[in-house]
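Two complexes are shown next, each including subunit A; its partner changes from subunit B in the first to subunit C in the second.
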Partner chain A sequence: MTTRLALGQQSASGARVLHLPADDATLDAATLEGYSKTRRTQARRRKLIRGTIGIAGLLLLWQAMSWYYNLALILPPPTVVLRDVIETLLLIRPQPWLYGPSIYQQLLASFMRAIAGFVLAAALAIPLGLLVGRNRTVREYLEPVIRLLYPIPGIAWIPLAILWFGLTDKAVIFVVFIAEFFAMFFNTEAGARAINPLLMDAARCYGATGFTLVRRVILPATIPYIITGLRIALGGAWRMIVAAEMLAAKTGVGFVLMQARYQFRAADLMMAMILISVVGYGTEKLIVRTLERKTIGKWEISQ
Partner chain B sequence: MALMNPSSVTGELHASNVDPVIRAVSVNHAYESNTGWVTALRGFNLEIQHGEFLCVLGPSGCGKSSFLRMLAGLMFPLEGTLLVNGHKITGPGLDRAIVFQEPALFPWLTAAENVGFGLEMAGWGKSAVRARVADVLSIVGLSEAASRYPYQLSGGMRQRVAIARAWALKDAAVLLMDEPFAAIDAINRVSLQNHLVRTWIAEPRTVVYVTHDIDEAVFLADRIAIMTPSPGRVATEIRVDFDRPRDRAVPAVAMLKQQITGIMHGLERSA
Partner chain C sequence: MTIPRPRLSRRAFAGAGIAGLVGITGLGRRAAAGSNTVRLGYLYPNLTTLIHGIAKSIGAYPKHNVAVVEQRFTSGQTIEGVQDLWQGNLDLYFGGGPEIVSLNSRAIESGAPAPLAVISGANAGHTSFVLSTKLQPKSFDDLVGKPLRIAVSSPSSDHLALFRGWLRLDKKLTEQQLGWQFLPLEGADMPTALLTNQIDGFLHSEPTTTIALSTNVGHLFMSAHAGDFGPASPPMTFLMARRAFLTEHPDAVRDFLAAIFDANAYYTAASKAQMIPVISQWSGTKPELLDMAYPRINPQMSMTHAQAEKWWNYVGLAMVASGQVSQQVQPFKDVFELQYQPLPPA
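Coming up: the complex of A and B.
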């Protein structure tokens, strides 16, 4: 009972009494900071425990399925796959590496292509989104074109990309570019349209026009939406890279994945999938969160 | 204070002065709504002299905010003439500084950066902007809040930053204020009005202040232009000669308020 009542005390008779602070012991800043720190720590610990239990549950289910249905060949158990991941990363695999350059070079190749496609898409989609969102003339010219291109999935562009660029980096980058353009474009456009009209009035009354208006007002006002677009597109770029590399590349994680299937090595296949997950998760965390902290975190605005 | 008819104002107040800062002649305005055209202003005439604090007082929907937005260059009258220093208004410009009903501060700029925004746009140098911003922030009593972002300020402080942003534009011919304290609770409103008067005393400017609040108009204005209910025009003008800062409890002030209330009720009935 005493441990449950962090702020209480137990009287000699055993009855619970609330600890009443002396007059000078008010809720000062340091005490309150202590409380919020405790709360943050507790929340972090709770999330960690529950998240771990979730992941452990999945691994357990996986292990059980593999063992119960005797699927070691097509569904190797997590113990085998995780050992494969570690051995591959430490470059101490007992089995031969049948997929060309080392895993790090493959990951790097995929990563560079994904980033290249992503950056190209952002460089076009963000200015265009701002323009279409704020300028009626541009909007009326471009909207039908963009709306008609949007339903074509990224993977549908792969054959055409191979036709144009061959089995090269360019083909993969092009596919990522096309596929991720829309997430950033539509978010930016929605954000540019949603700017509080009063802020635009204030900006114009205080002399902002043309490019200055875009740089000083429209762009920062749209940042929360742009970040949402970036996050979706960054995840999408990494997912699209695998699809594109499976068909249109001779290196990269997508290529490793496809080769592992040809070699009938399910453990390597799943090892590649786990690395895709880890790299994707880490990238999102690093790039988007940093950007968020530097902008909307500082201004306390959100979508 | 004296009741007077609009045409006599110019001569009496500023016999030596040349042109009014603002001149509105026969302004008519109407807008299209779902149910058809709505007349907002009809036969609106008004002149504002240099250095004058003018309150445009009228009931909700009389078109007083439309008039202010027209002065700001954010909308245009269908008919009639609107001149600032003798020039037709063709759009927003730094010769007019505006305070809206909401602060309309840029959330990504600090208080000081917000206040300096217009000066920067006017092409002032960095150090000149910094000096002017410091001056204005100290006039409105917010020097300590200079580096805070809008979300770190209370509603009243935000509106004072918005006022400082307008005041900072030293070269503006006129400050336009569109019911700046209407969205603020009664207690804070009084203290913001006191702040505004102190600011005006520290650095007098030509002000057009739109409000529906009689107390506020009597507390702030040199002259009150009372508007008719929609479609709006200036029905009568009242000069307020009390010294500033004014005492809200003085009997003469109460009498003036009563007089204005009577006029507005009369206009309401005959509308």
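Coming up: the complex of A and C.
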């Protein structure tokens, strides 16, 4: 016998059951909408609770290790680091700020470099990816070159960037550009090559050619791939910018990290790492999610 | 037919584990029992640690019954060396200077005692301030407020620390008033960066200075050797020790320093012609360059109370004033332990 359960309620076995009354031949749209809303709310709540438990567990472990092993010098407890983050952001640090301009100027400097590298890489990698993905001749010319350059890690370009551009912003932006380019290029290329030929044929039958074909078919069909490439690239940009700033900059979060290291200030090191994480996450939300809404949402593409 | 797999019983496995541990512990004991074994970290190839090279070349360590286990760090890796010393991977570390004060300060701020001590110092007066040949100021005051890019080997460079001390004490200026940028750059890259106009000058020692001078990319604007950073410049490269090691093996430290002082005596007595091949082999620098650099090289290691006091007044107090070092740090309680040197009584 099946026990009747309300929508979304849990059965004894733990499985969620959607029990439809036998006499209901059709479910009205409002009921279905209500059900999916309940499921979404529950999923959000579950995610939030589990995420909070995960983070709280990590903080607890960190606090316990720091306290038990007396690691104040190399692993300051999270309470100390959190206080450092707050005091730094509110510009009320009791100890002097030893890292040049204020944290906001340092974050802004890193952000501007990351965005400059990101925009440059996107401006080159996306059109090139589409071209290589759709045009065999171009692909046969360019692919070997790109595949040869691809395995060189971004960090290996830093000495050359310093040699070419000196110890300037250009060197950092160049390294970020190189690190971001390949993720965007390969994703765009894969998307352009994966377009269903039927779609292309159908569009041509309707008379679409040239730029119309790109705008109406190729770009919308490739967008999910491009967005994935942008997301990967932006994460990589923050990793690379810190590495480049540690070597070739006088401002930025990487510079703060380097300075803190030279003064054995582990709390400041961790403060800078936390800020990178927050700003990186915020940048991803701001740029990639906005792009996602404006493209995938607009063109009603399912990912 | 199945072949039985040879199996290690639990008891045999545990026995082997215990035997291994006992063996390792025994080895450690034997190494310690060999008494004067010193694990020394130092910068190499680097002229600042030349006195250790001389001590090796004249057999001073075996003479004083010291076995030195070496670990080398490249130029600019001073921070790694100090960290290794603090973490117990080394007993002594030769290189850098301001880093030890920063580390001890962090320990004191967290309520712990200072873990490291400076037991001696070398390279008095080895700091040079080289400017690009394109810049020919009449005096230092002409450079104040100009947006100069000056290279230093690391943000905690001892040359930068001396310069900051001189700026604060003698010139009564702050870095903000100066308006310069100090860029971290490997010593070997400084002359090239100067040539390609990526920097306007650098604060470093030999052979970097002579390379820049001999290739005409820079000119010697200020030299600690000539007294431009104040009279009788103190030793700037420190020999540091873990305080735990000083307590446990004071004789090993004394014997090590006795060997170094033998090397000092040898250097004083030796002629330039005798020393240049030794220095060249140690630092990888061409003899022709060393011939030019020789007057600015002084690798001897020795540090008196007065010199330590001078270093503290110039460098240490500048670090305190900038907030890098806590005001709780006392130089002769938390930083210097100079009694292990075979110095005549003051």
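Structure notes:
The rule we apply is simple: the second predicted complex is superposed on the first by the 264 of 303 C-alpha atoms of A that agree within 3 Å, B and C clash if a C-alpha of one lies under 4 Å from a C-alpha of the other, contacts with A are read in each partner's own complex, and residues count from 1 in each chain.
The criterion applied here is as follows: a residue touches a chain if its C-beta (ideal position, glycine included) is under 8 Å from a C-beta of that chain, and two chains touch if they have at least 3 such contacts.
Computed from a predicted structure; not experimentally measured.
Bringing the complexes onto one copy of subunit A puts subunit B beside subunit C with no clash.
In the superposition on chain A, A:211 makes contact with neither subunit B nor subunit C. Using the contact criterion defined above for the overlaid structures, shared-chain residue A:261 touches subunit C, although it does not reach subunit B. In the superposition on chain A, A:68 makes contact with neither subunit B nor subunit C. In the superposition on chain A, A:166 makes contact with subunit C only, while subunit B stays out of contact range. When both complexes are overlaid on chain A, the residue A:199 reaches subunit B alone and has no touch with subunit C. Touching more residues of subunit A than its counterpart among subunit B and subunit C is B. With chain A used as the common frame, subunit B approaches subunit C to a shortest CA-CA distance of 48 Å.
Judged by the document's definition of touching, no subunit A residue lies at the interface with subunit B and also at the interface with subunit C. Every residue of subunit C that touches subunit A in the complex is listed here, in rising order: 79, 83, 99, 102-103, 106-107, 110-112, 149, 154-156, 181, 183-185, 193, 196-199, 322-324.
The touching residues of subunit A, when paired with subunit C in their complex, are 72-73, 95-96, 98, 162, 166-167, 247, 250, 258-259, 261-265. Residues 196, 198-199, 201-208, 212, 216-217, 220-221, 223, 295, 298-301 of subunit A are the ones touching subunit B in the complex.
Subunit B contributes residues 72-74, 91-94, 96-98, 100, 102, 104-108, 117-118, 121-122, 149, 151, 165, 169 to its touches with subunit A in the complex.
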